[in-house]
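Shared between the two complexes below is chain A, which pairs with chain B and chain C, respectively.
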Partner chain A sequence: MRRAFNTLVVALFALLFASIAVTYTEQQTLPQLAAGYVKLIPEELGAPNVITGILLTYRGFDTLGEVAVLFMVAAGLGLVLGDSTRRRDAVPAESGAIVPSTELVRNGAAILFPLISIFAAYIIMNGHLSAGGGFQGGAIIASSVMLLLLANPEYLVDHDFLGVTESLAGVLYVLTGIAGLIFAGGFLDSRMLPLGQFGAFFSAGAIPIISVLLGIKVGCELSVIIDRFRG
Partner chain B sequence: MTKLVGSFLVLLGAIFLFSAGLGMLRMPDAFTRIQAGTKASTLGNMLVLIGVAFYHPDWSLKLLIVVYFVLLTNPISSHALGRAAHAIRIPMTRATVTDALRDARDTDRSAS
Partner chain C sequence: MSNLPISNIVLATGFILVLIGLWGILTHRNILRIIIGFSLIDTGIHIVIVSIGYVTNGTAPIIDRALSPSEAPSRAVDPIPSALVVTAIVIGMAVTAIMLAYAIRLYKSKKTLSIDAFTESKW
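Up next is the complex of A and B:
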C-alpha cells in the first residue's frame, strides 16, 4: 500500500518535471526591461557588471536595508544566544571529551586564512567588473573566520573590534549615500566620481568604494553571527 | 599533439575520479572510504587541471593556484574528518587489524 503510494508520488513528480522540461525553451532575446538595463548601465554608470550596477546604485537604498536586516540578525542572535565568552567559562575546561585539533589542521588553517582573505578582497574589488561584489566577498571573509574557529575552537573573536569596524563601515556607507545626494542625482548615486575608462580597475564612479564598505560590513556581521553560534 | 597529451591527462584524471567515487560506494567503513576518496580525488583533480592547462596555456597560472588549493585543502580536511570519526569511535570494518592512533594514545596515557 505504502509502496504503491510512493510510486504514485514519484510518478506524479516525474510527470510534473517532465512537462516543465519538455515545454522549456531558451529565451533568445532579453525581456524589454532587462534589455533596457543591459544597455543603460554600461553607458550611464560605466560598470560592465549590470547586477552590481543595479544593486549598488539604482537600488542602493534597498541594499542598505538588506545590510540593516543582517545587522538585526546579529543583534538578535546576541540577545537570544547571549555572550558566548561568558558561557564558555561556565563549562569546565578539563572535561576530557574535547580532542584538540592536530598540528596539521592548525597550520593548514593558518596557511589558508590569508589566501581566502586575498580571494575575498579580489571578489570585492572586482564587483563592478565581473561576478562578485560586497555581499559575496563579505561572505567569503566570514568563511575564513569560520575556518579559524573550526581549526582552533579556543580562538577568541574580538567582538569589540568587529563591532566598531562594522559600525564605521555602515556610517561611511550612509555618508557616501548622502554625498551622492549632494554631488550627483540621488542617494548612493555612483556618478559623483568620474566614471573612468570602461572596464578598468578604477572605474564605474563610486561603485568600488561602496562595494568595499559593503564587504567590510557584511564580513564583520557574518563573522559575529558565526561566532554567536559557537556557543 | 599538445591537445592529445592534454586529453590523455584529463581522461586519466577522470579514471581516478571515477575510482574515487567507486571507492566511496564500495568500501566497507568510514576510514577506508575517506582514504579512497581523498587520494584518488586529489590526484584526479590535479590531472584534470593539468590537462586543461595543455588546452589553454594562458590559464596555467590560475590552474596552478587551483592545484595548490586542492593539494592544501583535500588531505587536511580528510585528515580532520578521519580523526573526528576516530574520536567519536566510529566502528571499523572487521578486516582492519591495526589501529595506530589508538595505540599511540594508549602509550601516551600510560606514560603520563
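Up next is the complex of A and C:
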C-alpha cells in the first residue's frame, strides 16, 4: 500500500518533469534583463565577472540578507545543540576513549592549512575578475577549519575571536553599504571608489572590499557552524 | 541524438536527481537518509536552474581575453540563474545544517534515528 503510494507520487512527478524537460526549448538569445546586466556591469561597475557584479552591487542587499540567514543558522544551532562551552567540559569525561591522531595526520593538516587559506584568499580576491567571490572563498576557509578539526579532535576553535571578527566584518559591510548611499547612487553601490583599469587587481570600485568582508564573514560563520556539530 | 540541446540533457539530469531524492525521502525511515534525500532534491533544483540559464553556444559571463565586451551580450549565458544558484547553495547548506542539528536532538531524546519512533506529532 505504502510502496504503491510512493511509486504513484514519484511517477506523477516524473511525468510532470518529463513533459517540462521534453518541451523546453533552449534559449537562443539572452533575455532583456540578462543582456542589460551583461552590458552594464563591465561598463558601469568595471567588473569583468558579471555574476559578482549582480551579487555584490545590483543585488547586494539580498546578499546582505543571505549573510544574515547564515548568521541566524549559526545562532540557531547554538540554541538547538545547547551551550557549547558547557558541553566542551563534559566531553572528555564521557568520551575518554578518543584516540589522538598520529603525528603524520596532524603535521599533514598543519602543512595543508596555510595552503588552503592562501587558496581561499586568492578565490576571494579574484571574485571581480574571474570565477570566485566571497561565498566560495568563505566556504574554503571553513573547509580548512574542518580539516583541522578532523585531524585533531581536541583542537579548540576560538569562538570569541570568530564572533568578534564576524561581527566586525558585518558592521563594516553595512557601513560600506551606507557609504555607497552617501558617495554613490545607492546602498552598496560599488562606484563610490574609482573604477580603475578594467581587469586590473584593484579595480571595479568597492567590489573587492565587499568581497573580502563577505569572505571573512562567511568563513567565520561556517567555521562556527562546523564547530557546533562537534558535540 | 547528437543534435539534442545540451540544456534539455542537463534539465533532465536535474529532474532525475530530484526524483531520486523524492524517492529517498518517501521510502527511507532513517532521518539521516531523509536529510540526504533533501540534499539531493536541492542539488537537482540547482542543476535545473543553471540549465535554464544556458544560451545556445554560450560561455561563462566573465569578460576576458576569450570574451570581449562587445560580443558578450550575444555569447554569454544568462548570469541571473547562476547568481541565484550561488544564493540557493548557501541557503541549502544552512537548511541542511539545521536539519542535522534537529536530527541530533531527536536522537538524544529517543536514542534512535528511525522516523517511526517519533509519533507525537503525527496526525
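Some points to look at:
Following the convention adopted for this analysis, the second predicted complex is superposed on the first by the 194 of 231 C-alpha atoms of A that agree within 3 Å, B and C clash if a C-alpha of one lies under 4 Å from a C-alpha of the other, contacts with A are read in each partner's own complex, and residues count from 1 in each chain.
To be clear about the criterion, a contact is a pair of C-beta atoms (placed from the backbone, for glycine too) under 8 Å apart; a residue touches a chain by one contact, two chains touch by 3 or more.
Source: prediction; values computed, not measured.
Number of chain A residues touched is higher for C, counting chain B against chain C. In the superposition on chain A, contact is made by A:G108 with chain B only, not with chain C. In the superposition on chain A, A:S130 contacts chain C only, with no contact to chain B.
In the superposed model, A:A34 lies in contact with chain C only, and not with chain B. In the overlay built on the shared chain, the residue A:S211 is in contact with neither chain B nor chain C. Shared contact residues on chain A (touching chain B in one structure, chain C in the other): none found.
Interface residues of chain A facing chain B in the complex, by the touch rule stated above, are 99, 101-102, 104-105, 108, 111-112, 115. Touching chain C in their complex are the following residues of chain A: 3, 6, 9-10, 13-14, 17-18, 20-22, 24-31, 33-35, 37-39, 42-43, 48-51, 54-55, 59, 62-63, 66, 69-70, 73, 76-77, 80-81, 129-131, 133, 135-136, 198-199, 218, 225, 228-229, 231.
Within the complex formed with chain A, the residues of chain B that make contact are 69, 72-73, 76, 79-80, 83, 87.
Against chain A, the residues of chain C that register as touching in their complex are 5-8, 11-12, 15, 18-19, 22-23, 26-27, 52-56, 60-64, 69, 72-74, 76, 78-80, 82-83, 86-87, 89-91, 94, 97-98, 100-102, 104-105.
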